[in-house]
């Protein structure tokens, strides 16, 4: 496959390059970035390995998005911000497979997009052609999609443990989600509140309640309106930990639904009552899910690497599904110690 | 005042020494530690300032607990583990004011202690003479107490925002508490899971549901049995962040109750809708409380330094109350940037 | 004393406010910041304690520099960048005591300033009236100075251990200095390379050899040209560790010179052969100095908090000296555990 | 190849498992650990991926060392402590290829081993049959070795940049090495000084001067006695940064020697004047070397991952060389962002 990565110098784009550089089915990668257009990839991302820089697979010069999309290859990954993503990809939508890591095509209901992002959903004619790329749940639709809306990191980590047990959660019951995110989740931006000195040895919630845009995305997927979603920033570079507390009507059946649903999923690890640790997902496409029962309450604990299963890894998983290669191709790695 | 610190080489004990070293009403501090008995304080705790080591207020040699309790002074702080604490303090209970930072005297109901700690409550005759030292709520009782049970860090951070709004939480409603703790909360123990390499850039829940011993302490204080308490370890040396999600019958009244209850408390800072950050409590006796409303749900966010308001700081606050000196004496510090 | 702090919302300025807020000899603090002029101090620095914000000592509204300097009080601390500092302070130079934390007045030789900073030394007529405020070495001169050039953090940590042994280092011998700095040393700037995700779990040298501007400052103070100075960034919020390797003609005399020079200095702690740890200086004005001998080589190890003894703390120490109050006033704190 | 890993539950052993789990030329891995013998590998190392645990390549049960060595396969990696390593491997020495990651066989001169480690070199008859496995320098000897002494992490990071320029360093000139190590370099030990709370946001030298055992190893390899080696602990999980300051007789020739020596080495990246960052080696077998010239002084800066090129990665590289497979097999990974 020949692939183009838009936004290649953000954290998600950089991770896409790292994964694609050694993907066995990828023969050409074009890196695109507005700010680094015309400069060498080595300059743009000096952490890439000498193999990646010299094996001829990744073009040695970064292109501007227009130039890159002139010959986009088989698939375009867009790691651009919402709004810019749909706009930049417009020329190739419907012509080349696009895997969009922004929020631009994630919503079914335009009003929800509008209230979360403040504008009408962009590229209206493509909105209903996009498939929500939560691989373990929309795999079949992805197989024939030309536009995949790669889920947000919080929705990925929240939905995967929650969806199988949803039938056992009473309709009006509160769904309480507390999430911890690594700082790369906020992007590679020159902002004061992302500085090392502001975040090391510091923890805080942000956008509590239902204010985070990902809360709307989760709610739509759950088709529930009783979500209380509180995200927190903690001192992690990569990693996401979600703790979901819900009442269930039948704990035994709920646990069994979780187990049977994920029995054969290569990227889902059930840790039982042992709480999952983010380090054991770092650098991998895994979601690790633990679960505890306290009377009729279920505590679901899920860990992912926000840049892997929460972004670049799942995007490549979607590519693998879409192009019919092994779903785990290029994605089997060992986690951090 | 003349004070004795038992367990002076654990994190809580070390913090007690640091606070007491410059406390304006303290004239003598005796440091006690079984493992360092007979060695110099400088050896036991090389981070103490030259002033603390040389101003004559803190004895330069560490004593064993028996030796220290021979002349305990006006107040004994026990930073020993539960069980050992009550046993070691036995000779002075009822004779000297004891501020016990362990769990030994925190429970009103012996059965709750037993099920959380696996033994009968120690020193039975003193169990009902102990006052639960959550200063802002039991100040009057502390004034005349000879035995203060200093609250746990999780209970302190959870109860302070929750108690004022409790009347507005329906009796059977779920109280969902998610807590993040700094690693010093686990004590200064040579354990594999506390190593730097196991905890940096890593987050995980532990003892989820209602299994943590502090859950029992919180439940007893709330007199509610609908608590779901999930503690997490995140990469913080000091700091605790608690997010509590509860339905309330009247959000306006609940918010007003919180505001009016803490209007004049020197160590409580209400941050309104701005989520509190642990760094802004680090090195201080403050609790910072933020609150958000999502329909009928209240999200209470509270931050403390687990070694200050969660342990040593509150213990000194209790001493100040008990001895009738200014409640803020020795405790007014600026937080980390 | 009445004091004005220019640049009050950078890390050094914020630390000045924290120290001055409880300084026993300070009765009024005016905080100035161009970017926050007209807004409340609480908004500009939400981490300040309620006491600091409400005790009436610090003005509740941030002023622009011009407004602040209209009534500067007894002393102006300038935590502005070089260039801007001299220019902004110009109206009060010679009229009010100025303690300048920038490099603008640190050099005796204008050519050295010019080659390090690329411009002529600003405010030429005041260049030779400035005293280099390395307190332990220029105390007498500071007593009568109206303009104190507060030393850089690297020079402070390097010169303090080195100056006493300098007579025993052969004139042409190489002086090899390797320094580790906390990230706050680079200022509170919205720069990519200061982001949490770029600096956590990462170490690197920068400006190696003699290229860092502080190398020129150190060389001038040493009056030696054989310095090789390599600074590094490591994952510390605050803290600086300097390891200096030099040959000496007589190790015994060199060690004795170090000991006797600092015997009575309140902020200098000699740790002997035990290497000093940065955590034991964090939040204090201490320099901790260890020393090791390997044949005829001396390894000097010095630790400071870059924002305290390396900036704000030493600046207040200079104020104390200049105004004849106790040199330790407001500066005696216990370090981090 | 069939391989056995002794000491599989220390950090180096765990990393060996992770690398070998997906090594294309390895068909069987036996994990051995005294403390986990008889328990499942998943229990011993829950961070391993489901593929590693289930692909049949790694035995699912941990064996004790005696059991493991009964059928050791083609190569034994020993990640045991010095002393224990030689003793445990004794039964297979000379019969199976052994790659020893301890210090037991690293020294040519027994007196140096004795003075560094306090005992005579173990297994005397094998001492002169061991090859020092610094791959880029002893590759030919490794090809036919049955016993490879894998170098220490500090020696690896120090020698690689230094050896090419050694001819240009005057014989009696001081060689000043300052090294920063990640905490995993100290092993997975339940020690107080390795706790998160003792090491986060903290930096300190240890064993300064020439006291660290690795100083003897470096000196022997350099055949110089003018080394001053000061190691430091900084808050890194994995990573090592070495800064070496030396005078050279001809900077141009020295730089050219460095360049030409490593032109074709797959794991050596020369970064020129750009200082290398440890994050760009994290999780890889790379050494990144930068160099700066200040008059006649050379500043060599080298970064490795202490668990990869400094231990497990280089050990696998040695296996690749010894068994004639591609030297980079199983070792080409992308670094951390």
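Order of writing sets the labels: A, B, C and D. Residues in every chain begin at 1.
We adopt the following convention: a residue touches a chain if its C-beta (ideal position, glycine included) is under 8 Å from a C-beta of that chain, and two chains touch if they have at least 3 such contacts.
Quantities reported herein were computed from a predicted structural model and do not represent experimental measurements.
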item	value
Chain located farthest away, centre of subunit A as origin (C-alpha)	C
Chain copies touching (subunit B, subunit C) - same or different residues, decided at half shared	same
Geometric centre distance via CA averages, subunit C-subunit B, whole Å	36
Whole-Å separation of chain centres (CA-atom averages), subunit A against subunit B	39
Between subunit A and subunit C, centroid-to-centroid distance (C-alpha), Å	44
Touching two or more other chains - residue numbers and ranges from subunit A	11, 184, 197, 200-201, 235, 237-238, 277, 279, 336-337
Residue numbers on subunit A that touch subunit C, as the complex places them	11, 182-184, 188, 190-192, 194-201, 235, 237
Contact footprint of subunit B on subunit A as seen in their complex	174, 176, 178, 180, 197, 201-206, 208-211, 228, 230, 232, 234-239, 241, 243, 245, 247, 275-279, 282, 290, 292-294, 297, 299, 301, 303, 336-337
Sites on subunit C touched by subunit B in the complex	11, 14-15, 18-19, 21-22, 46-52, 184, 200-201, 237-238, 266, 269, 271, 274, 277, 279-280, 283-284, 286, 307, 328, 332-337
